[in-house]
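Next up, some structures in structure tokens.
Two complexes come next, and they have one chain in common, subunit A, joined by subunit B in the first and subunit C in the second.
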Partner chain A sequence: MSWVGKSPRRKEDDRLIRGQGLFTDDELGEGMLQLYILRSPYAHAKINSIDTSAAEALPGVACVLTGKDVLEHCDPYMQLALEPAANIQDYPLARDKIHFQGEPVAAVAAETVGLAMDAAELIDVDYDMLDAVLDVEEALKDEILVHDNIGTNRTWQGVYEYGDVDKAFAEAAHVVKIDRLHFHRYSSTPLENNACVAEWTRQGTVEFLCNNNFPGFAKQLLAPGLRLPIENVRVRTYDVGGAFGNKIWNYVYMALAALASRKTGGRRVKWAEIRTEHMLAAGHGNERTYVDTEVALDKDGVITALRSRHLDDCGAYTRYEPLGCVIFSQVLPATYKLRNIRIEMNQAVTNKCPVVPNRGYSRMQQLWFMERVVDICGQELGIPADEMRLNNYITDFPYETPNGCVYDSGNYPAMLDKAKELLDWDKWAAYRDQARSEGKHVGIGIGTTLDSGTNNFGQAQIMNPHLPFSGNSEACIIRLDFDGAVVVTLGTGPSGQGHETSASQVVADELNIDPSMVTVRSGFDTNWNTFVGHSGSYASQFAVTGLSAVHGACQKLKTEMRKLAGFLLEAAEEDLEFGVGEEGPQLKVKGTDKAVNYWYLSNIVNNNNAVLQGALEDVTLNVRHVYRPPFNVPDVEKKFGNLTLTYAAQLHIAVVEIDPATCRVNTLAYAAVDDCGTVINPQIAHGQVHGATVHGIGAAIMEAFDYDEGGNLLTATFSDYCPITSMNIPDIAYGNIETPSPFSYNGAKGMGEGGGAPLHTMSAAVQDALHGAGVIVTDSFVSPPRVYELLQNPNRETAVSVG
Partner chain B sequence: MSTTETAAQDIPKVAVEITVNGQSYRREVEPRTLLVQFIREELRLTGTHIGCDTTYCGACTILLDGEPVKSCTMLAAQADGGEVLTVEGLEKDGELHPLQTAFSEHHGLQCGYCTPGMLMSSLALLQNNASPTEKQIRKGIQGNLCRCTGYHNIFKAIEAAAAEMRED
Partner chain C sequence: MYPAPFNYHRAGSVAEAISLLSNLGDGVRALAGGQSLLVLLKARFDTVTDLVDLGRIRGLDGIEAGNGEYRIGALATHARLARSPVAEAIPIFQDAANGIADNQVRSRGTIGGNVSSGDPSCDWPTLLIALDAQVHCEGPDGKRAVPVNEFVEDLYLTVLGDGEIVTGISFPAPEKGAAGAYVGFKRCAPAYPTTSVGVQLTMDGDDCKDVRVSLGSSGLTPIHATGAEAELRGKLLTDDVIVRAADAAVAESDPIDDQRGTPEFKQLLINTLVKRGIGVARRRCAGEQVEVSHEYY
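Let's turn to the complex of A and B:
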């Protein structure tokens, strides 16, 4: 009997379907203050003065915070960038200048949120508006500076060069030049906004309940920001209403609740972000522009070399950046076998919302780019999209990419076959040809993508050689409680991925018991859970890092249990078997009825240890295991090394028809094939694929953060941004293949982010539909207005040339 | 004195009496108190969530006198005298509602933040239509966002619950 590979009902569901979860905003308390943040209406402005006197005089207001308070009590947050960008001063509140619309200017703590909002309206801020820089290419000219003190807007530049690019271009049968491509700004906008409850205790510690999805990391940034030892900051999470990476840097604003608590003598302070604040200031996905792209191909359409310049717009602050300038190189050649690559990566700050890791973070932008390259070359050379891919796919695994990443396993042609079968490719190809003959715009697009998981943090040194990070790790504690219960605590802070359930499946298999007999602690608490610097739920890694830690801890516990049971039962350890008897989970001597149950074992160690007469001193039945994947420090000079352990893959195909009147992209059929190696829980894995697919379709056709020339966000509410609903999604035919990873103990590959496959797929399908009309899809956003523009102004003549 | 100061200080509270999950509650509230705030903060029933500020997401959906209502878009005072059903009222005598069971069995939730609102909209749908088609299900929950599941398992869960409820 194996629980891994099955889909037991999720442990998390029992509380969530009853409305008994504990999301941060659900924490209520007598006398808790409510914090409201006043935000800048301008994108770029000088603050001349702030008058808070009327707000402070309003009855019910407990305190008002401004830049003065943060200067007095905070240090700027640590920056990952090299100088001069390392000198960006990132505080929880603006001090003398505004850098983006929505930047916090002041914060009010009051008895009710209504009073706090009333008071915020009474704060008089005198601004001088400044011209804003909103485009990354303009920003790189340094004519308008976002941060005056660093003297430039550039936050990073580096060249990734491998093979002999110039030689390959000299020998090429075809050279395709693509003028400009653009990956748009959006985010996965979790349904639960950012929130925290903070208390600055009389003992000088700060306690946070929050929904940060990387709480161990947040603690390391918050503590120095608040001028506290790391030990003095406790970060707790419980149920988190989706994160998708977006909640990694909400610590920036969490500090305000702590400062308000400090200023009010230790009262508990809640900050619950409002949706419009979230859209303005909680973080957008990375926006990227690709210029001067040239592709060398042989006569059969095999890509031999690529060169281009990429310009990443990270918004007003770097925060997690410029990591994206390295993370993309985990999937540098995407799923293709070209060996000659030169990409110059650049990043700049602009007067827009800072970026935050968003599902598919930075790899998706690279994969979309590569898929555009393949489709544009294919269409220009008259090679069908499927053939183009089969000509270029990597087929031998493990495969070392030109920059030293090792793709563990995969079978992209088999995924293509499976997706075609699910879709009924021949039927839709015939439909497309027929529809075209009737003048309709119908297209079929393929998107192949990778979901690289389990980061080697050594890649941070490629970005900044002074950063003391490398490798990866995850921790787990498993113990027998006084009553014999098996209790597991994880270092990961999940946000809907079902870690309690998956971990219990692994433990159940190891101990030969039922998952219902395993308690996996919900939520995360830096005072309670074990964790390491890499711990968290991010970068598609739980199935590898989290479950390897659980598995390793089980081995240690079993070793101790065998020793103890062998001693008590006077039996050889190899004669013992794990299982469930009449008195619950037990160890039994094979072929006999001699057994001890878990309560008995735990009680001996915890309450009754004289029985042991000094033996088995090392047996505690409370063990910790840290899993460390096998990584080396990358060669920083050559930008070479293995940056991620596993490479899950997805292949999607869409059939679309463009409505001639509305320019809406209607999806007629959609297939998604997933390969995440050995599947731990099929229902959860399938659910992740579905969720990522719908996110991606929404991002492709509906969701974008659009700014006007003044830096005003035009899609600052859900009603303007329009997240995808049940009415906008196609039926999705789902299938999977399993190529087990040779690098994880269980053959699993991290998954869940999904690699943005629908963005690649929808761009490809729209281009296929409109290529005959002279259109090249150069933007990842294909909403009706964008499609209308393309049809009005066909761009093929200027967007691409073939030599 | 500004108008906001006036609003905060001088406007008398209003008395409301609302029945929630079968129990009657009488409270004095600020006139601007939203129904969702009343449910969450006054009654401490935090299963009903808040996800947006423009009536788009549906996380706050409850039934008021049997009809689905986004409780962030209604004042508590407007619900005076009404009967409210929230997610906490779905389970009866320790027995889960078929919708609750079906959402779990069909993996119709991941993070669970949209789930209470989604359950209430689904209930309203099934009370009016015992055998909805998939198209009708899509329409029935179009006012409820889910950012995790991609909706398909929610459709399946509602179909399964409908079948279960028809049998009962």
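Let's turn to the complex of A and C:
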């Protein structure tokens, strides 16, 4: 009997469905102050003066913070970039200049949020507007500087070159040139906005309850920013309503609640972001432009080489960047076997919202690019999309990519077969041909994509060799409580992924008990729970890092329990078996009725230890295990090394029909096939695939952060941004294959981000539908207004050439 | 988000509401369902000192038929209207009422508030133009009725004077055999339509005996497309005639460029919706049951 592979009822759901979850904004308390952040209406401006006197005089206002306060009490947040970008001065509030619309200018703590907003309206800020730079290519010209002190907008540049690119081009049967591609700005818009409650205690420590999804990292940046020893900052999370990476750098704003608490003598201060603030300033996904792309192919349409320049727009501050300039290379060749690659990666700051890791972070941008390359080459050379892929897929695993990443396992052709079967490919192919003969625009698009999980932080050294990060890890403590209850704490801090449930399945299998007998204490707490610097929920890794930590902790606990039970039962350890008896979970001597239950074991250690007469000193029944994946530090010079442990894969197919009378992209059929190795909990895995698919379809046809030429965000509300709703979602046929990972103890691969598969798929489907009309899809956003523009101005002549 | 502080007044009668609204200065606003006003207040886009809540005024939410016309009180909610006998009798009415935002908004929002907001994206004014409705107003100078297509003067600006409120809507009962359609394109429930079109047709055999065509989200005010009507009225409804009517409607529109699309894209939609609206209205005139409303795209 194994619990792994089954879908027991989720432990989290009872409290969440009954409205008993504890989200940060649910935290209430006597005398708690509410913080409201005044934000810049301009994208780029000089601050001449700020007058807060009227705001401070308003009854009910406890304090007002401005750039002066942060200069007095804060140091700029540590930057990951190399110089000169390392000198970007990132503080919780603007000091003398505004860098993007929505940048915090002042913050008010008051008895109610309404009062804090009233006071913020009374703050008089005198700005001089400056011209804004909003396009990455313009930014790289350095004519308008976002941060004057660094003298350039460029934050990173590096060349990823492998194989013999020039030779491959010289020998190519075809060379396809693609003028310009663009991956648009959007985010995953979690249901719960950013929030925190902060208290600056009399002991000089700061207590945070928050919803950050990488608190191990946040604490290491937040504490120095507040000029505190890291030990003095407690970061705690509980239920988190979705994160998708978007909450990784909310520590920047958390500091304001702490500063307000400090200024008011230690009162607790809550900051709960409003949706419009979230859209303006909580972080957007990376926007990327790809220029000068050239693809070499042999006579059969096998891609032999690729060269390109990529320009990443990271918005006004680097924060988690320029990590995206390396993370993409986890999936450098996507699912394809080409060995000759030269990509020049560039990144610049602009006067837009800073970027933040967003579901599929940076790999999705690379995968979309590679899928466009494959489809555009296929269309231009007259090779069908499925054939093009079968000609180019990697088929032998483990596979070392040109840059040293090791794809653990996979079977892309089998996924393609399965997706075709789910979709009823032949029926839709016939429908497409018939519809085309009637002049209709029907297309079928395939997206193959990777969700690389459990990253090797050593890749950060490719970006900046001075960074002291490498490897990865996760921690787990497992113990028996007084009554013998099995209690697990984790460093992961989930945001809806069901870690309590899947961890309990692993423990249940190890101890041969029922998952309902395992308590998993969710949430992160740097005072009382276990954690490591890599702890958090990000980068598709829980099934590997989190569950390996749980598994390792179980082994240690079992060793102790065997020793203790053997001593008490006067039996050999190898004669003991784990199971459940009449008195609950127990260890029993095989073939006898001699047994000892967990309460008895725990009581001996915790309350009744004279029984042991000094024996078994090392048995505590409270053990910690840290899992460390087997990584090496990459070769920084050659940009070579294994950057992620597991490679889950997704293969989606969409059939779309575009009505020229409305330009609506109507999805007639959609299939999503997933491979995340051994599945721990099928229901949770299916839910993750569904969520990632819906997010991706929304991103492809509905969701975009649009700025006007002045740097004003035009889509700052849900009414304008329009996140996808159930009314916009096609039926999704879901399927699964399992190619177990040889690199994880359980065969599982990290999953959940989903690789942005629907973006690749919808671009491909629209391309297939409109290719006959002279259209090449060069942008990841294919909303009806964009389709209208494509139909009005067919771009095939300028977008692509074949030589 | 939280509105700035304001004084709250609850009016017990139309007369009291008019008196309060007339005497509380420039910062006073009338509150009905609040589905437009509260959004503005929460975003602090409007400076308001006083709200006069009309919601408890008795007798202002009636839905009645008789004497060849329909009379609807200003406080009737979208949800009630969608389930009312009017919606059952007049399909175009149901199309619009069911397409407004989501359940929560439909349960709170009122027809009077929707019309009073003067927003060209609102559905009721556009629909009511197709039904040739009158807006009944009452103010310090007494009562008056204004044709709905004259009621909205400019973006967010109506003919309502100081202290004047909308008390109801009336429109003539459509002739037997007449039918209409209200069709729109929107991206999701909380979004306003990108464009919407109302068509109310009276057929005489295959000829168009009479017609009203209106356009929403197609300019700074709801538009009465008289040019499109002229192409249709009195004619055999051939494909060519319908194409000419759609082209005429496009020529009468003046959509703005915003995140929902460029003017050219919206005009493509208007063209399509006019044709689609005529098609549905015609089938309904012939007695066919056709379900339409806003299409999500």
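Convention: the second predicted complex is superposed on the first by the 803 of 803 C-alpha atoms of A that agree within 3 Å, B and C clash if a C-alpha of one lies under 4 Å from a C-alpha of the other, contacts with A are read in each partner's own complex, and residues count from 1 in each chain.
Simple rule for what comes next: contacts are C-beta pairs under 8 Å (C-beta built on N, C-alpha and C of every residue); 3 or more make two chains touch, one makes a residue touch a chain.
Quick caveat, the model's predicted, so the values are computed rather than measured.
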| item | value |
| --- | --- |
| Partner chain(s) touched by A:Thr693 [first = subunit B, second = subunit C, both, neither] | first |
| Which superposed partner A:Met727 touches (first subunit B, second subunit C, both, neither) | both |
| First (subunit B), second (subunit C), both or neither touched by A:Glu121 | both |
| Contacts of A:Ser744 with subunit B and subunit C, given as first, second, both or neither | neither |
| First, second, both or neither for A:Thr276, with subunit B first and subunit C second | both |
| Contacts of A:Phe718 with subunit B and subunit C, given as first, second, both or neither | both |
| Contacts of A:Asn529 with subunit B and subunit C, given as first, second, both or neither | neither |
| First (subunit B), second (subunit C), both or neither touched by A:Thr662 | second |
| Which partner reaches more residues of subunit A (counting touched residues only), subunit B or subunit C | B |
| Which of subunit B and subunit C A:Thr492 touches, first, second, both or neither | neither |
| Shared subunit A surface residues [contacts with subunit B and with subunit C] | 112, 114, 118, 121, 274, 276, 718-719, 722-723, 725, 727 |
| Subunit C contact footprint on subunit A (complex, rising order) | 112-114, 117-118, 121, 274, 276, 661-666, 702, 706, 714-715, 718-720, 722-725, 727-728, 784-785, 788-789, 792 |
| Subunit A residues touching subunit B - in the complex, by the definition given at the top | 7, 9-10, 12-21, 23, 25-26, 28, 54, 58-60, 112, 114-115, 118, 121-122, 188-193, 239-242, 244, 272, 274-276, 495-498, 683-684, 686-687, 690-695, 717-719, 722-723, 725-727, 729, 731-732 |
| Interfacial residue positions of subunit B with respect to subunit A in the complex | 2, 4-5, 7-9, 30, 32, 40-41, 44-57, 59, 86-88, 90-91, 96, 100-101, 103-105, 107, 109-116, 119, 137-139, 141-155 |
| Contacting residues of subunit C [partner subunit A, same complex] | 1-5, 43-44, 185, 187-192, 258-262, 264-265, 268-269, 271-272, 275, 295-297 |
